[in-house]
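Okay, so subunit A shows up in both of these, paired with subunit B first and subunit C after.
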Partner chain A sequence: MSSAYWRVAGMSYVKYANLCADVVRSVLKDQHVVTAKARENVYFKTTEWANGVPGASVITEIKSAATK
Partner chain B sequence: MFRRAAQVLSTRGSRAFTPSVTFAADEAVSKHTSSAFLKSWADNAPSTLDPPNFSATFIPPPRSLEAEAAGIPEKLNFSFYLPHATEMNNEKVDMVLVPGTDGDFGVLPGHVPTIAQLKPGVVAVHKDDKDIVKYFVSSGFAFIHADSSTELCAVEAVPLEQIDAAAVKESLAEYNNKLINAKDDYEKAAAQIGIEVCSAMNAAVGN
Partner chain C sequence: MRRAAQGIASLVKQKNITSPVVRNAAQGFVEASSAMEGSIAPFGARHASRQLLQQRMKSVGNIAKITLAMKMVAASRLRMAQNRVEQSRGFWVPMAKLLGDCPDVDVPKNLTVAITSDRGLCGGINSTVSKVTRATLNSVEAMGQAEDKVNKLVILGEKGRAQLIRDQHSIINMVAVDWTKNAAGPSFTAASMIADEIIKVEHDVARIIFNRFKSAISFLPTVATVASAEVNDKRCEMGGIMDEYEIEEEDRTPLLVDMAEFQLAAVLHNGMLENQASELGSRMSAMDSSTKNAKEMLEKLTLTYNRSRQAAITTELIEIISGASALEG
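Up next is the complex of A and B:
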């Protein structure tokens, strides 16, 4: 059996699973949508260290419904 | 003088065909015989010689058939995990219907150990004859172990009541449009994912 269509298009399973979850979350009723959408937000801070000294911090914040 | 020859030959022949040698490897060497042997070895063997190994040390012990004979448990030990919540933890249920990528299947106690990838679809947990709980699962995996404990791991799982049927229809139309207007393989795949999930939700909600 050949690969799944999303694998062929270059998507990882994690990306596929998250996209599926995004679709499900977007069609919920009323207040469920709000609580669910809050789960989609991605926020993390990256700091590169060199020679024991931290460099600049980069904050990555993705507020829901990212398709890339 | 040869009157008794035939008789003697036949008895001798039958004795010759009796297996008089049983190979050591065929016998399970019990701890008792090996310890008795080791004791007499210690008494008689020169101290420079190591005692021999027994085949039992290399061959794994026979699988305890009692564990198998203990049989199939009455209820399934079912757990349902999401990244943000534990939907069910070690609940005793009768059966779980699972939407696998290779097809929908039901898990009963005694199911063969399986790891199954799930497609977007409905998981129906039959707690007993009357109590059936249904969830729509976005995707995930089901793990069924030999002792009939089952785990379902999904990214997103919602009770069917929480799905807005009208919104599903709209999304389906939207993703169909996106598929037509897709510029590259990636966007096409993303649109196909949307179509797959929305179609499954449509079917689940009963359109």
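Up next is the complex of A and C:
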């Protein structure tokens, strides 16, 4: 058995697991979905460095659509 | 005699002799120039230093209030942070039981991840992590015989960046900050995305350094080791890990790659949460001792202030009395 389809598509296992988690969160019932969707929100700032010099900062922000 | 009379005259001009606090320094200086020429010191000099003392007392009092408030905030956040830490242990503990943790593995490409906080005033935890990071980088270079040893560094947290940038800037690959901006603590999603960036840095072993939260007063600097899939492959072949499981040869490598990536994300998530709980506990005790010191300082300043106030009153009384007795005599 060769690589899984998501590995072929360039995803790491961590990304695949998180996408699965997103799918599971979206099928939760109403009273649970709000607290679960809050866990999808992400904010952080990364700076790639090369040869001792920082590059441009990249802000990663994900705000899942607020439900109810 | 004239000087004493002039002293009384200036005293009479002043509104309130017994509480010199009410007068301001400017008023005192104006009266000094008008009333007492040739005196040893301007009349306001006494009051100016007492006013400085008063200003200092006010600022020290404010500091005590602010640090007390910061301690309360940190204490309330600490409870929730501790819950999050305990819930995150279920991810990395089984991985460690399965794949083991061997910090002394001798491989060419070594990645060190230092987890620190973004905000300061949290005691010594960030400098501890920086110290352990430097020690790890040095010991990796000194150990073993693998050729072409390469050290790479990833820093999480603004404080670590500020401390490690001085001597380690040439080996930094990535810096990530601000993950507590919109959320109370890093969710597994956030930790996974940061782990994804770290996975892209080529490495044979990742050593993640953070403060493990033992209790509200005890934070232990910890080095958690996550080996790459190739290293685990060799260890599987040699035996010792995953012996209990039947795995086909060709299935083993993709399985180990998946597990290594997940282990990195799980250990990173736990490390970020443990460090956050340690940061809150350390900030709590730092602000507590700061409040105590500020209150002590305030007590000492109050004593000094009262002493100088009483000395000023005594001096004025002496002037009055000596002036009065000079008039009589």
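Assume the second predicted complex is superposed on the first by the 49 of 68 C-alpha atoms of A that agree within 3 Å, B and C clash if a C-alpha of one lies under 4 Å from a C-alpha of the other, contacts with A are read in each partner's own complex, and residues count from 1 in each chain.
In this text, a contact is a pair of C-beta atoms (placed from the backbone, for glycine too) under 8 Å apart; a residue touches a chain by one contact, two chains touch by 3 or more.
As the structure is a computational prediction, the values presented were derived from the model and not from experiment.
Enquirer: First (subunit B), second (subunit C), both or neither: which does A:W6 touch?
Expert: first
Enquirer: Where does A:A56 make contact in the superposed view: on subunit B (first), on subunit C (second), on both, or on neither?
Expert: neither
Enquirer: Decide which partner touches more residues of subunit A, taking subunit B and subunit C as the two options.
Expert: Residues of subunit A touched, subunit B against subunit C: more for C.
Enquirer: A:L19 in the overlay: touching subunit B, subunit C, both, or neither? Say first, second, both or neither.
Expert: Touch partner of A:L19: subunit B, not subunit C.
Enquirer: Going by the contact rule set out at the top, does A:V34 touch subunit B (first), subunit C (second), both, or neither?
Expert: In the superposition, A:V34 contacts neither subunit B nor subunit C.
Enquirer: Answer with first, second, both or neither: which of subunit B and subunit C does A:K45 touch in the superposed model?
Expert: Only subunit C is touched by A:K45; subunit B is not.
Enquirer: Return the residues of subunit A at which the contacts from subunit B and from subunit C coincide.
Expert: 17-18, 21, 39.
Enquirer: Can you tell me which positions in subunit B touch subunit A when the two form their complex?
Expert: Within the complex, subunit B touches subunit A at residues 84, 120, 136, 138-140, 155-156, 158, 161-164, 167-168, 171, 175, 185-186, 188-190, 192-194, 196-198, 201.
Enquirer: For a test of understanding, state which residues of subunit A touch subunit B in their complex under the given definition.
Expert: Touch residues, subunit A against subunit B: 5-6, 8-11, 16-21, 23-29, 32, 36, 39, 67.
Enquirer: Tell me, which parts of subunit A touch subunit C in their complex?
Expert: 1, 3-4, 7, 12-15, 17-18, 21, 38-49, 51-52, 54, 59-62
Enquirer: Report the residues of subunit C in contact with subunit A in the complex, numbered from low to high.
Expert: For this pair, the touching residues of subunit C are 169-170, 172-179, 181-183, 187-190, 192-197, 199, 250-251, 254, 257-259, 261-262, 264-265.
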